[in-house]
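There are structures below to look over.
The following pair of complexes shares a single chain, subunit A, combined with subunit B in the former and subunit C in the latter.
The block that comes next holds the complex of A and B.
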């Protein structure tokens, strides 16, 4: 009798846990339209071949401005961009720590723009950088380092506790992608082929203090150490986005830091002509981010440096990798063709203009 | 049976424990925006209070308060010399910068609501001045004589605060090089 009670109790617990997990999966944002950046972090864990020469970590300056497919096609370099929207330096550190559980790249490239933030900015950005990680001690440390005062650690362990109130906002998207999501990115690269030429920018604001925050240096030191301990070369990168303004005072701090730590620092803003960027055609939002043609040009430039500086071998003749990357390239060119088709038909990209699209359909 | 009911009650209690987290934003999925990328001195969250501040900018006879709806103000003025849009990282909201003779006016939109709200006015040269007569090129002593010494200092930046607005002066070599009105963001 007692044994029967225990069994029925265990079954009850299992049923409750399963239902809670299903409910959690339903209620969590899917990030399949509009704010697709939220899907980037989780997508890495579906990657079959987690063995890359180069891992990029950082914010939109990496996931919008560099194309791993180009790095493969031009140099035979395998790479993955572990980027997320407004990824702050503590996000980058723990995301790298988590990545190293799966693979040991030869080179890690860190986007230095996030050095400008020394405090957490917004819960929604935290969610997009943290929720996609599988539950682990790293994830908990990441959440703890990132949380705003009003956030609770428990909600990162059990996101249902934070998202349960979405029940009355559930849309068709939530049910459609309940169990399986579409692929949003190409090894972390978020493609956009539309064009919006850059014109003038607001005058750069004067800052109270140009020195990067102590916490940023603390995490940069941790990234350096993590790479050294794992025998990984670290590269500091400023991507060629024209806005927000990259102050000279910031640049010189990174130059000094790189020199002191024996790191390569590439400020792509100093090489715009060499890269061949034309901000009339190579940006989709007037200079904040590059579009596909801009990202491909940047990747050709960066790939050459990475290959020569770190002696990365050309793997294009590797039969297995050749097949893997052929499949990736096919998906990439298919998305490119789809986006051009949408541009021709609607004048804008549907996924990034859902509101306009809904209004037009009414 | 009692145990089962107890377990069910516990589960429901745990599920709803997050309700009392004290966060104002019930839905943590991305919606509102003020691009922190555009201004590293700003923290990106909802505005604090809506009480009118004693610090406001006046241009062509129009008073500009932080967090006011921008359209009535923009409609009254001439076309801006420049216009710049900065979509926030991953969000659908957009920060806009309107450049007029002597200053830039920053606005933000809040999620799917396309209404623009004013969140900053930044002087570009000495053709405009604060209501108290301070402009680019003024001395620190001028600032203190007009606004008093109830300021906070962060590096070269002197900030006066009232309700939802800060009025900041950045000084270099004892001269004001930037004047800005900013919406206080929590």
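The block that comes next holds the complex of A and C.
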């Protein structure tokens, strides 16, 4: 009798856990359309070949402006972009810490734009940067460092407690991607082939204080230390986006920091001509982010520097890697072709303009 | 620490885990430490107030007990030598001493409560008078009300009066008394337990009992269901209606009134379910505070079934003593002389009833809304008692039988009457409350209900569906309860049915609960009293 009771209790617990996991999977946002950036962090963990020469960490400045496929095809450099929407510096630090559990790259490239934020901005961005990480102490430390006052740590352990209220907004997408998601990015690069020429930006407003926050420096120091401890070269990067405005005062702080710490700092805004960027054709949102052609040009420029500065070997002759990257390149070109096809047919990209496509369907 | 916070759930898991791991003789000490830790989270300065109450109650209780012992010993030792008059005189002396100690304890502790809770209310009223005479207004004082002060003060006052009445011996262990006062599950919203009811199971050593634990856990879940799925969802519409009386009058007042009745019931009984459930998980018995009050057929019955421990507290410690105190007996005497036997004997009852209801109103909150609410309750009770013979005649004359339909009418009538009185609980002042109540009969805007107005109150159609199902479940459970414990009934079913019920209950809270980001975390309504 006692044994029977224990067995039935264990079964009850198993049923509860299974149901909770299933419901959690169903109710969590899938980020497969519209706000696809939310899917980027998790995709890394599905990657079979976690052995890269270069790891990029940062916000949209890396995942929209650089293409690992180009780096491979041009220089035989293997790379992965660990970026997500408005990934703040503490996000980047812990995501790097987590990445180093899986691999030891030769070079880490950190996008410095996030130095402008010294406080958590929005819960939605926290979720996009954190939820994709597997449960670990690093994830907990990251959540603790990132949370807004209204957030609870436990919701990062059991996201069901955060997303339970989505039950009344479940859509077809939630059921379609319940168990398996599409691949959104190409080694972390989020492709956009559409074009929206850069127009004029509002005149940058004067800031009361240009000094980066202490907390940002604290995390930058931590990133430097983490790389040093793991014998990794760290590069500081400012991607060639025209907006948000990158102030001279910010730039000089990074120049000083890089000098003091013996780091390479590349401000791509200073090399726009050399890169060959044309903001009439190389951006999809008027200069905030680059499109595919812009990202490929940037990658050609950056790849050359990385290869020369850090003697990264050309691995294109490696049979195994060749096969792996061919598969990746095929997917990349297939998506490129699909996006051009969509542009031709609809005039916009379906995935990124769900509202418009829904309106057109009605 | 709110019952609905993740922190509390974690705290509870740790306490319950430790409770059954440590040697049983330390169980009550663990509960005492846990209660103080729980209280500490409401602000360390609050600890001072509760400690002062505990210490003063303990020492005065001991003093009362010792005086009583001293009297018994003296009388026993001098049984042969003392005359009857001497014995009587000695008893009177001790009684007077004990009375003074009791009064000191009552004034001291109720004084703390009064100063903290009612100072600003008094200042506001004094300022109203000052304004009339164009005098300078007094400034308000910044006093933070310690969590649960009304509840623990009433518990200690009940204890000290019982010790005075020699109902039981004073508790000699200050730690045990401290646990009785601060027992964390019932610290913030009751029930207002009596020492003799709670102490036995509170200080006893408890073995883990799977059935008791499981029943307690089910009760906790049921409490969370009421609070999170129903109360914290419907509160959005209640606040929208009651905070905007200019926009929402007429039929909306009726809607708000009914919604508030649902919210208050789900909130308060939900909180008590959690309290009693936690106690049961620890093997401790806490008295019930509700007995399906919305099924009451009269207001008197309603108050016997709603917030039972508060009602009985006021009855035993205010109504009865007040009814038989000397001044009241004098009033009774003179009123009989003046108005005759029939009316004269009712005067003390009227006075005691209205005093009790005035105090009840004031206990609920420092505002005229509550005072008027309390007095109206007393008034309605007295009127309905006076009209009882008239009702009986009417029923006889028109052959009104005690059918299901008539009983249903009585239940609905009582529900609407109590909900109407509670309007005073919702609006910001007495004037608006009466105006809004009046608008139900003067403004006929029922057509607005047909134009989707309910969907503009902050709830969408899915919320209303959840609420509707939640309320149906609530009523069904109450109906089933009439023939015995629902948990007992479920436990008799096959495992598959039992487990399905548990799983459904658990996931309905997790999924449909109004908690987390996007929902305001709402305190239990009775936490503020």
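Simple rule for what comes next: the second predicted complex is superposed on the first by the 362 of 362 C-alpha atoms of A that agree within 3 Å, B and C clash if a C-alpha of one lies under 4 Å from a C-alpha of the other, contacts with A are read in each partner's own complex, and residues count from 1 in each chain.
Just so we're on the same page, a contact is a pair of C-beta atoms (placed from the backbone, for glycine too) under 8 Å apart; a residue touches a chain by one contact, two chains touch by 3 or more.
Everything numeric here is computed off the predicted structure, so don't read it as measured data.
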item	value
Partner chain in contact with A:15 - subunit B first, subunit C second, else both or neither	second
First, second, both or neither for A:161, with subunit B first and subunit C second	both
Subunit B versus subunit C as contact partner of A:123, first or second or both or neither	both
First (subunit B), second (subunit C), both or neither touched by A:152	both
Subunit B or subunit C, by number of subunit A residues touched	B
Intersection of subunit A interface sets (partners subunit B, subunit C)	8, 12, 16, 20, 123, 150-152, 154-155, 160-162, 164-165
Of subunit A, residues touching subunit C in the complex	8, 11-12, 15-16, 19-20, 23, 27, 123, 150-152, 154-155, 160-162, 164-165, 167-168
Subunit B to subunit A touching residues, read off their complex	3-4, 7-8, 11, 14-19, 21-31, 36-41, 43-45, 82, 84-87, 89-92, 97, 99, 104, 106, 112, 122, 124, 154-157, 170, 172, 177-178, 180
Parts of subunit A lying in touch with subunit B, wherever the complex brings them together	5, 8-9, 12-13, 16, 20, 29, 34-35, 37-38, 59-60, 85-86, 116-117, 119, 121-125, 127-128, 150-152, 154-155, 158, 160-166, 169, 199-203, 205-209, 243-244, 285-286, 288, 355
Residues on subunit C engaged by subunit A in the complex (per definition of touch)	6, 460, 462, 495, 499, 502-503, 506-507, 510-519
